[in-house]
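For clarity, chains are labelled A, B, C and D in written order, and residue numbers in each chain start from 1.
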Amino acid sequence: MAFDPQFLLNGVIVGSTIALAAIGLTLIFGILDFINFAHGEYLTLGAYAALVANVALGLPFVVAAVVAIPITVALALALDRVVFYPLRREGAGALSLLITSFGLSIILRNAVEMVWSSDPRRFDVGGAEAMAIAGVRITAVQIAIVVVSLVLMIAIHLLLTRTTLGVTMRATASNRSLALSSGVNTERIVTWTWVIGAGLTAIAGVLIGLNTVVRPSMGFGLLLVMFAAVILGGIGDPYGAMLGGLSIGIAQEVSVAFISASYKPAVAFTIMVVLLLWKPEGLRGADT
Amino acid sequence: MVNGDKQVDRRTFLQTTAVAGGAFSVAGCMGGGGSDTAVLGMLQPFTGEVAWVGESSEVAMNIAVDQINEAGGMNGTDIEIVTEDTETNQQTAISALRKLTDSDGASAILGPTSFTLPAVMDIAQESQVPIISPTAGTSVLDDRGGNYIFRTSASDSLGGKAMARIARDNGYEEIAVMYVDNQGGRSFGQTVIEGFEALGGTITTEVALTPGKSSYRSELTEAFQDEPEFVSLTAGTQTGQIILDQWDEQGLGGVWGLSNDMQTDSFAADVGAPLEDSYAIGPLPGGEKYDEFAAEYESRAGESPQPFTPEAYDAAMLAALAAEAAESNSGSDLAGEIPAVSKDGETVTSFQAGADALDNGTEIDYDGASGPVDITSQGNIRSSFAVFQSTGSEWEQVGEIAADSLDF
Amino acid sequence: MLEQLSFMTSVATVAGIYAVLALGLNIHWGETGLLNFGHVAFFAVGAYTTAILTIPSPTATQAYSFGFGLPVVVGIVGGCIAAGLVAVLLGIPTLQLDEEYLAIVSIGLAEILRHVMMNENWLTGGVAGLYGIDRPLRGVIPPEAYDFFYLGLVVLAVGLCYAYSRRLKQSPFGRVLRSIRDDEEASIALGKHTFRYRMQAFVVGGVMAGLAGALWAHYATALTPTAFGANITFLTWVGLIVGGSGNSKGAILGAGLIIAFREATRYLPDLYGLGDIIPTLRLILVGALVIVTIRYRPDGLLPERDISYAEYCKRVEYGGE
Amino acid sequence: MSDPLLSLSAVTAGYGDLYVLEDVSLRVDEGNFVAIVGPNGAGKSTLLRTIVGGTTLHDGTIRYGNDDISRTPRHEIVDAGVGYVPQDDAVFPDLTVRENLRMGGYTGDGDVDARIGEIYDLFPRLEERPDQAAKTLSGGESRMLAIGRALMPGPDLLLIDEPSTGLAPQIVDRMFERIDKIHTEGTTVLLVEQDVSAVVDSSERVYTLQNGEIGFEGSVEEFQASDDAESLGW
């Protein structure tokens, strides 16, 4: 049986959205030093914010998608102020923050379900029909998803290397104490990290919702995959997260051609464990 | 599920939330059914992807219980419904069942779904409280039911065979089979495969799906790689709709054979034109009794009955009639009467009629909203199926598969 | 009243099983600082192993291929051993890395295991699961007293794990573990092979979780993959955090409280008739409980008494400014 | 006597409930080169961290110029003109040499590129590898980068924690040459050292710190004549 390139294409589409969300997760991990279990819910909230703007308020989809970003960012900042900041101020350890984020994740997920019910919902965009290009089927929407993801990844790269904010974020991620000693107001960097991380995650949520459906569990369902992407790329490394997200998306979809599709979710973790045994510092890690 | 009374309760709740926190621990000692009412428990998922099952079957059960209470109640006592959420999780289901049997003193329990029923069977048996599931199709129950475990829904092994027959009878030689990889989906899907092969057909691909995912494009690519003309799909409405939308988007062709979960008006309307000519199996429309139930359901819930709701209504009726027959509301007494009141006797279609007949010492055969509901000694029902085909906007019945034609 | 007592007995039994889980996790996190977020994996391995060892051989209609019909005691011991072996396998790639790796990889392992449970019918019965698991001394104990007997067994297990944890804490081994937790570099300087010690602690905690799984299997008498989701790991963590990590009494108290809370909130609909929003509301309350505890009682209800210098440095470091 | 640039009076500090420094007082005058010497674990690093706000201050006050900086956030202390070179983790490993320097100039208002040029003049080895990641530098280069990073905002006072640790003797000598140069160009220097011999040539004033308390205090000449010098292996 010849391998169908369709699997690869599906993987690129899924992988590019995972990559976007994983960048947010890894940035927040780098700066705040804890694994944010509520990250998936930010993705869900982004999708629902766009959904309300698009379906309930009747805004055009693109406008709704843009509107979703500041809403999600504002929510993430408010939650940081109310939930995480007091713990940071008192010097709570990474685990306290992590467990708190798990509690927050449950609250947010169920609040979304309470408000919008568990029914899957769809954006109000034109019917998508796949076109056949070079033996694979792809819709205009999917092309847009991949393009938007790639553009955002390039934008993140430029931000991290060309701007003072970006360099400061990387510096704070690699050594928070030294950043303070260099005159960095780390709380300001934390704020910017939430802005960028939650913003990217909101876009990822909208794109995933566009590619499929919007539902309360969408973010949580992707959380473990995002973790795998982050680990694969090396914790705290945004480029690694991009690479990790893409690899995992492709591996998952391609795996369907070879093994039972019900093992699909396990593929990401198998790759992760194997990689840790082989190259513990992540895909991009130094060889030394 | 808009209910006027509930709104008031909710407001009361909001005003007293502060007190509620402190009351949890006390509540543990205060709860529980008083002896002046009889309790029917409902054990269903109310959260997560299958929350609709709990919500819709609660409406159906309320209809039944209101009718029973209007007719004087079960052995003269009013029935109170206590609902518990399984969260589609074995541990929670066991705790919830324990609460219903031990703390609430339920006479019988309606539910749960295939996800959790196998896991609580033994506990129910031990507690000597009958379980009547309107929602569990799992073939595990085929030879494990009876005694304390019954169901008013058809076994997946019958449904799967019916699906195989539809494909074969319509001349398809090679089909693909897709099913969600959970308790319900797998047993149905496997029976389609076994049944279709027994009828001389060939299965091109078998694809097990993880439910609750957002994209099934690769699974579809896999299923359609040999270009099957007929694909059997077993899934809930949510997963089903995503799969069908993406199938349409990808332009893969062929017709579907859909399991009974997806045989609802809203599903046919939502998927629309692409579904034209595809098949679905479903229960035989129950005639007058079903129409009566459907009208009541619609007036309460504002939508046409969801799958399994007539079965839920019938399950509550059977429990109450069995209690009448046993002249006791105790679970261990009424369990044995459940098969007895469902067949071989004077046909009754309401609680009132059944209770009156039993008072006169007549054996009864309850026929309900979902059909004749004849419970076998293994706790199953033998069931005929209706074959539906989509017109592109709704399901139209195009045939019938009799229970007798499924013995292969 | 008797009905209430019976229900309370089953709640206490579940709470006891969670207490064993929490004691195991306390050895991982509280004593050694291992961020294990896949605790349910050990629980599942313990449960399935004892089930496979003790159920009768399969009949023609059953999905699974192995059932050895061995005595329950053999099953429980086997469950513990299997959980310990899984700990070794998981420990090899992760215990030498930063703690976050263990956290995420352990979640991953738990997920993989759940998919194995769902897919490998020959071993686990697949999504249909395993049924008819025997209960210890079923024929000997009168049925009406059986629940109390089983609760007694669970309490005994809690007691054993508690006593072991206490002894561990006071032993030289326990002191090494705490020094690893508080400052690994210092203990390396002292010449301790931290990998070996971490591995030992990881196995001990894993075995306790396996025991909890075995107790669950013989309590539930049926196993399906739905009983082994990530929420079990989460509830155990919540219990440990609320009770106070690093303190065995805290682990037991926390596990008991969290189960009591979960069960007590079942009575909410009875009081208020909230109907369809109650289940989600209950989960929201559990989430809020976690956040509030960590905010206002960060060391739990029963905090560990002394905190070392190195631990302080760690906290100061996290404090930033 | 004029007002000191930096003064600590009766400072008691540590980590959380743990006390490391007890009743420490010292002063650094403008233009001075001050060394604090003491054995390992005496609290030298904690003392520098306390000045930049990196510990829990239980008692006492820290004044810089005319301001009380006891409760000032760390990043504002840098803003006020205090450069700090920690002993460990003194550079950002994943950032390039140039980016590390740029981070140091984070608060500076001046021309960052011009300032980087000045640092390159001081440490030519850094100029040879501007795009190399800091984690790939040698120990000596890394230390130069750390000092360069701290000098970027043009601090009036430079705090250096054990510049000699882990470096070969000839590199230590060259390192102190540079520090001397920084000092003579107008920056006040406060450094802590375990290796007493390394600092006596450069410093003007010496404090000894033992068990978190100040022992000796005075000029280099007085120090060399004292018992403390002997006990520290001079």
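To be clear about the criterion, a residue touches a chain if its C-beta (ideal position, glycine included) is under 8 Å from a C-beta of that chain, and two chains touch if they have at least 3 such contacts.
In UniProt terms the chains read A, C = Branched-chain amino acid ABC transporter permease; B = ABC transporter substrate-binding protein; D = ABC transporter ATP-binding protein.
As the structure is a prediction and not an experimental result, all values here were calculated from the model.
Common partners of chain A and chain B, by the touch rule above, are C.
Looking at which of B-C and A-D shares more C-beta pairs in contact, the answer is the pair B-C.
For the pair chain B and chain C, the distance between mean C-alpha positions equals 34 Å. Averaged C-alpha coordinates put the centre of chain C at 49 Å from the centre of chain D. Averaging C-alpha coordinates per chain places the centre of chain A 41 Å away from that of chain D.
Centroid to centroid, with C-alpha atoms defining each point, chain B and chain D lie 75 Å apart. Residue positions 47, 51, 181, 208 of chain B are each in touch with at least two other chains.
Touching of two or more other chains is recorded for residues 91, 110, 113, 177, 180, 186, 260, 262, 265 of chain A. The set of chain C residues that touch two or more partner chains comprises 118-119, 277, 280, 283, 315-316, 321.
Against chain D, in their complex, chain A makes its touches with residues 91, 164, 167-168, 170-171, 174-175, 177-186, 286.
Note for the complex: chain A touches chain B at residues 1, 4, 6-7, 10-11, 14, 110, 113, 117-120, 128-130, 137, 139, 208, 211-213, 215, 217-218, 221, 252-254, 256-257, 260-262, 264-265. Every residue of chain D that touches chain A in the complex is listed here, in rising order: 16, 52, 54, 73-75, 78-79, 84, 86, 89-95, 99-100, 102-104, 106-107, 135, 149-150, 153. For chain C in complex with chain B, the residues that touch the partner chain are 3-4, 6-7, 10-11, 14, 61, 118-119, 126-129, 131-132, 143, 216, 220-224, 226-227, 229, 231-232, 260-280, 283. Remark: chain C residues 29, 35, 92-94, 96-98, 100-101, 103-105, 107-109, 111-112, 115-116, 118-119, 234, 237-238, 241, 277, 280-281, 283-284, 286-291, 294-295, 298, 314-321 touch chain A in the complex.
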